[in-house]
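Next up: the structures, one after another.
Two complexes come next, and they have one chain in common, subunit A, joined by subunit B in the first and subunit C in the second.
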Partner chain A sequence: MNATRQITTLRTAAVIGSTIIGVGILSFPRYMAATGGSSAPFVAFSGIVISIACFWLLASLCRRFPRESLFVFSRRLIGKPLSFVFAVLILLIFVLLTGLTARQFGDVATTVLFKKTPIEATVFLMLLICQLSSRRDVIKFTYIHFFYLPLIIGPILFITLISMRNMDLLNLQPVLVMPSAAFWRGAVEASFLFQSSFIIVLLVPFMQKPKQAVRAGVLAIAVAGIIYLLIVVAAIGLFGSEETKLLIYPTLESARSAAVGEGFLERLDAIFIVLWVISVFTTLYSTYYLAACLLQQVFAFRDQRISSTLILPFTFVMAAFPANVFETYTWSLALGAASMILLSVYLFLLWSMYLIRRPRKRGAA
Partner chain B sequence: MRPVRKFCSAAVALAILTLLLAGCWDQVEIEDRALVLGLSIDAATPEEMATEEQVTHLDNMKLPGHAISVTAQIAVPGRVPLGPGSGSSSDGAKASPVWVVTVTGHTLDDAMNNLQQQIADPRYLVHLRVIVISETIARGRLDELNDYLRRNPEIRRRTWLLVSEGRASRFMDVEPPLQRVPTLYILSMMEKAVASGKFPRDYLGRFWSADSKWGESAYLPYVALRDKENILIEGLAYFSGNRMVNTTKPLEIGAFMAVQGMDPGGYSALFKTREYGNVIIKTNRRFTKTTSSIRDGKPYLKYELYFEGDLDEHFDSKKPVSSAAALHKIEQEFNTQIKGVVSGLIGRTQKDHSDIFGMGELIRARHPGYWKQHIREKKDWEDIYSGITVDVELHMHLQRVGLKGR
Partner chain C sequence: MQGWKEKYTSYIKKQQPGPPKAPETEVLGHSLADNLEHLQALLGSNGDFVARDFLLFGKYEAVMIFFSSLVNQEQIQEHILKPLMARPDDHQGVPENLDGIIHYVWKIAVQVTQGNSERKLSCLPPAIVKGNLVLLIDGVPEALLLDMRQIDLRSVDQPQTEQVIRGPREGYVEKLENNLALLRYRLQSTDLRVEISPLGSRTRSRVALCYLDSIADPQLVAEAMRRISIIDTDGIIDAGYIEQFIEDQPLSPFPQVQNTERPDKTVAALLEGRVAILVDGSPFALIIPALFNQFFQTVDDYTERFIMGSLIRIIRLIALASSLFFPALYVSVISFNPELMPTDFAVAISGGRAGVPFPAVLEVLIMEVSMEVLREATIRLPQMIGGALSIVGVLVIGQAAVAAGLASPITVVIVALTTIGSFATPAYNAAIALRMLRFPLILLAGMFGLYGVMIGTILIINHLLFLDSFGVPYMSPFIPGKWRDWKDALVRVPLWWMRRRPSFLHVRDSARLPRAVPDVYEDQILQQGGEAGERYPSDHDAANGRRNR
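Our next item is the complex of A and B:
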């Protein structure tokens, strides 16, 4: 029993946190500025609140079935055929998400880092690393995240705080805004970034204290949320909302404008990109791992090793699909919306079935 | 069997790892890069345009009428001195550390492509620190320039963009005695001006931000050449609707920085007092308090400027400045007389529809209701700005008078 239940609450939080901080940090301020103007941080904050609410719904359900993963107990709750359909749909979503994230990574890497390296090479190498690491079991998976998280959070905080020195507080006023349609669209778009907190469903059966799943996730979303918030504040404060709308990667630009000691340390974007590659890896690793485990569930393989190899070509093809940068972004947003709807329906079904069946179960136990 | 397999796998892993020792596959040595240190952009004459190469387009294409001539300063590898002391030998002085190339084109990108066609090494803009544009270019359309520079990931936002009086290409040819590389001299001049309070930290990134903001107009340093070699910061070149409209005097840079409350104070003011003859007051620190309100449906702003300064010079008077009362008198005179300079500058920018002070941003931040109702685009504010009332009040506080007692 102890051999499998090894994951501490803190480690669970680390996995969720490093999964959430990912490819989105570069363009996130632009979305927020486009929907909220100077009150973009407020939009982002609302998005974080929405995602905490969604996460609470998911994790508190998982907490009630501490011995099984979501796909196992969903069979009991909503029946085998329906839960199979949902498993396939979620599998599709995570394969697509992995592919599109890898593509966004490749686009940035080709634009600012390796101008001559073909994008296929960077994308494929990244996916291959994910595939190879996905052969490990969940315990090692969490250790890898736990190891990388400080390397992601520390320097990102450092660079963001440095770039905040030059910001103009006027750019961030008015702070609050009357919620409008655009506002809510922005908040929901912000919550898309936190969808990969879905990884919790894999971790619960291995947690030392499954009861603390909600606490771990909320902690992780709060920490990642603060980082996202700081990034938005830094970009809007530095450039103003109008300029932020013009930039395709505002966070990168704010790292580029940051300097320590008047030119003593300049061009921190190089460090920033290196960290960003790590954070993209941890995100991709999680979505890839999830997809591999889902495939294993769907086909009832013994473990996720074979399935991790099977999905590699699909993610790679998906990454090659969008014709240009703009398509990648519109597809990612569409995918975010689709998975938001799908997960809500799934959760709603599970919760209602759970609530209907609960009394009988209690009697049986 | 087992050790053999282990050995084989280790050998294969090592063989693959040796591939990594070769380094980056697309490396470019620093000697093989044409590092552009500075650029100057001028309007091209028709004669110059006749020499334009057909690199990005053929002659038969209809293109916007204005054409530019770009002069680039390219670092020559090995000749850029890495420190003082190497300039003593005679041949070192002869060999210029930079190579100056001039090309023409319809846009900056077009010109850069023409440039690439003429030089062997791939050009890199990563070390570009200074771009000088001529007044003619600044008064024309800047958006294609801004577009190219914003798109290019090699351009830093901490680059200086300067507007020059007269031809900008002359700035690429100066040979200042203080630095071997002309653009590095211009760069250090601007950086030192910022450090000593002579100029705001107006990098390209700041210029872009102001240009994008609806409630603020952009400005750039306005520089001129004196005696062929000396570069002078002549004032601010301020913009309205993406075009440069006017320039200020150097002292008005000080007035502008005072309104913005920028530290340290680097300017000194010479003025005539009624009782104490002529004095020069040196500003050390500035602090500004701004209040805004909407009065009768119109924005109203009040700037209270606080200065801390020293008495720098006092002449043409029998009466010594030797008491607190005397200093107080001088402070009063400063407040009324320099107020004229500050409100003169504000008035002129209002006439030119150029809100370099960012008053619109204040209104946007503090009176969002008014802003939402009246402002639909940048031009709206620039029009309203001309008609608003701005009050200025100065409070100079003189602390020290130097080493002379009377």
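Our next item is the complex of A and C:
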């Protein structure tokens, strides 16, 4: 009844998976086409490999401290002041990320389906349900992700596979082009989408088997990666790489081209968008929850109830900041790069300190 | 409450020893007049209070005290008064002095099954109020309590709220003894524990907590006792009062305690490892913990064969979902995304809506509210008028509303479907929760379209996922859950396949069927189909054969 270590490996994977699949699925093929041309799926694949490598660095460190969260053991590894600075920086990044993701969602929602709804209302409602749901503990947090994951993966897979029927394989050739600077930039940009797998740091202290943190994360990234790959393949295969570059939301267009039967389900894109709301919610919920937990640890609040309320105005203001869709995307790419650099530095510091200190620990034990 | 506290502490003590409690005093005196006076002071003046004085065996002054409304007076006359007032020469062994008189009366004279002697004065009034007869003898500082309780109640009847096609027809009545008898009749197990104690400082309603000792999780039983023990109120009129005191989240629209009128349902719950609470005077048993899963299951699911049971359960789930979402989806599609409908249908709908002056939200809200009013009125009215009213409501008002241009025909269809859907939900309180939640959903749909419906749905689902009932997550066995618990969730697999009790109840003994049964014969059933008779008389015979071996 009251065991704290309740999160199974499968549920951990579900949390990470549903966190990763989010607002990005609509525009993802465009980035990939812009940087890789017809080899866009390969760019995406490289991005997935990069993010698995990053995740492995993070999670294998975390599982060495199965009883503490990252921010607790980093205090011991790199000292209180430095770890405080990093915690604040990561907090900022996740607040910004939440705001920008909410904004991206609002942009899509108002332009595609909910034309009469003001964007502020759309964004605010979404942030509000994140806030309300962030008041609960980590166990309940995982319940939510576990429940919604099938509702996210199922329709996306279904609609993508259906739209693939009209695919022209010629559009996907040549499969491989010479890797260039743009290619690698695209791969790194693709890996930004997987950054929210950082949520693992919250889960490890509550996992039944913390040793399997890496396995769970890799499984989740692989599944989410396959879905992203399929989306890219479907979009490029349908429209060709040049056309895909021009579409703001290529995935939506490919969903639009999908139809089942004769007029039985004509407008699959509407269903797609409605279910996409869930996947956005789970993503935003994770980043919001992470930000709330970070704020709680930085200011040493008793629980994240106050901190989740405090974050709400900041995320909302952040969501209202960009002037238009393109600014939103530029900013989120910049944010992705910034957090990539920050996390790498942080991880590098932690790992090096860990490796330096480890022998002494062994001797003491 | 005191009784419950004692039960709770004694239960806890069984697990971990603690200090015992000190008893209180105030004993009876020797003088009959004094004792009687004290008693009357404690009980106050009552019209049905009887103090009948007589000469015990023609020798000693004695008084019988009881409430005439609670006892069987014929039996008192026959089995108590008659032997006690007999001439001394009829009784050979009457003691000469008063020392053994109580003993003699109890052992030889009266013919009553239940009773006890009591020296404490403070114990007498509660016993009298309960339906006991008190015999006081002059010069004896002891009273004899004889249970003569008889209250006429309605007989065991078919449950009104939970009808079944196939299954037992008995429902609980108001009297606790009868209800416990119905339970014991179905569950003839020495394991069944029934803890009884009064609750409510003024009503002193007897509350019974039932569980199977070798199955139920001790933590759950202790938690139930703890929550009952901290109830401090003047009256428990019905089981519903207790429900409101012990539920986890009073602000939630969803019921976290199941109530049932059916003893068979209670027994099934007890066998699963749940705890049942019965209250004297209430024909409902409370079952804890209650999960969302339970509110679309009925007895028919289990008494009928499993394929039909599963299909009907799924139908019920669809009805439940449609009672919540249908009107909201309709409003958002009509007013925001008409392109989602097939073109012909959209044309037909807009043709029907041509004369309606209101926006779709308002139209649906008006119709839904009047439907709720109708429903409530039909419940409150006497049965004959109720039937007439529902015909008037459905046929006349719906037809007239369309003719008058208040609502479009399709709206009437939607509202009717919603209402019928909600009536298909077996648990009334869960159906009400979903029916009330559809109003905020309609409003959200009117404001934000499909997005609003989605947000509302996410909120409701998140709330359900956050809820707990006595430490068990409300959405078990879906989230979190083990695969084996899914056997009795959306579908109901064959009984011989459900070999273990639900894991989320943390039962002491999880085996329902013997573990030795080899892996069941799904493969044979699937492969052989109707031809199974060639090799085996039936799959069950095969199973039994293997088990015996």
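In this section, the second predicted complex is superposed on the first by the 360 of 365 C-alpha atoms of A that agree within 3 Å, B and C clash if a C-alpha of one lies under 4 Å from a C-alpha of the other, contacts with A are read in each partner's own complex, and residues count from 1 in each chain.
In this section, contacts are C-beta pairs under 8 Å (C-beta built on N, C-alpha and C of every residue); 3 or more make two chains touch, one makes a residue touch a chain.
Bear in mind the structure is a predicted one, so any value in this text is a computation, not a measurement.
Enquirer: After the overlay on subunit A, what do you see for subunit B versus subunit C, clash or fit?
Expert: clash
Enquirer: In the superposed arrangement, which partner chain does A:I278 touch: subunit B (first), subunit C (second), both, or neither?
Expert: The answer is second: A:I278 touches subunit C but not subunit B.
Enquirer: Check the residue A:S257 against both partner chains and state whether it touches subunit B (first), subunit C (second), both, or neither.
Expert: After superposition on chain A, A:S257 lies in contact with subunit B alone.
Enquirer: Applying the touch criterion given at the start, work out whether A:L161 contacts subunit B, subunit C, both or neither, answering first, second, both or neither.
Expert: Neither partner.
Enquirer: Figure out whether A:T117 sits in contact with subunit B (first) or subunit C (second), or with both, or with neither.
Expert: Both partners, subunit B and subunit C.
Enquirer: Please indicate which partner A:R11 is in contact with in the superposed arrangement: first for subunit B, second for subunit C, both, or neither.
Expert: It touches subunit C, and subunit B stays clear.
Enquirer: Which partner does A:P174 reach: the first (subunit B), the second (subunit C), both, or neither?
Expert: Touch status of A:P174: first partner only.
Enquirer: What is the contact status of A:S133 with respect to subunit B (first) and subunit C (second): first, second, both, or neither?
Expert: A:S133: touches subunit C, not subunit B.
Enquirer: Using the superposition on chain A described above, determine whether A:V85 touches subunit B (first), subunit C (second), both, or neither.
Expert: Touch partners of A:V85: none, neither subunit B nor subunit C.
Enquirer: Touching subunit B and also subunit C: which subunit A residues?
Expert: 114, 116-117, 263, 266-267
Enquirer: Help me check something: in the complex, which residues belonging to subunit C touch subunit A?
Expert: Touch list, subunit C to subunit A: 217, 219, 336-337, 339-340, 342, 448-452, 454-455, 458-459, 461-462, 465-466, 471, 473, 475, 478-480, 506.
Enquirer: List the residues on subunit A that touch subunit C in their complex, please.
Expert: For this pair, the touching residues of subunit A are 1-2, 6, 8, 11, 109, 113-114, 116-117, 121-122, 125-126, 129, 132-133, 136, 140, 143-144, 146-147, 263, 266-267, 270, 274, 277-278, 281.
Enquirer: What residues on subunit B touch subunit A, complex-wise?
Expert: Touching subunit A from subunit B are residues 25-26, 150, 153, 156-158, 191, 195, 203, 205, 208-209, 212-214, 358, 361-362, 364-366, 368.
Enquirer: Sort out for me which residues of subunit A touch subunit B in the complex.
Expert: Residue list for subunit A touching subunit B: 38, 111-112, 114-117, 170-171, 173-174, 177, 238-240, 242-243, 245-247, 253, 256-257, 259, 262-263, 266-267.
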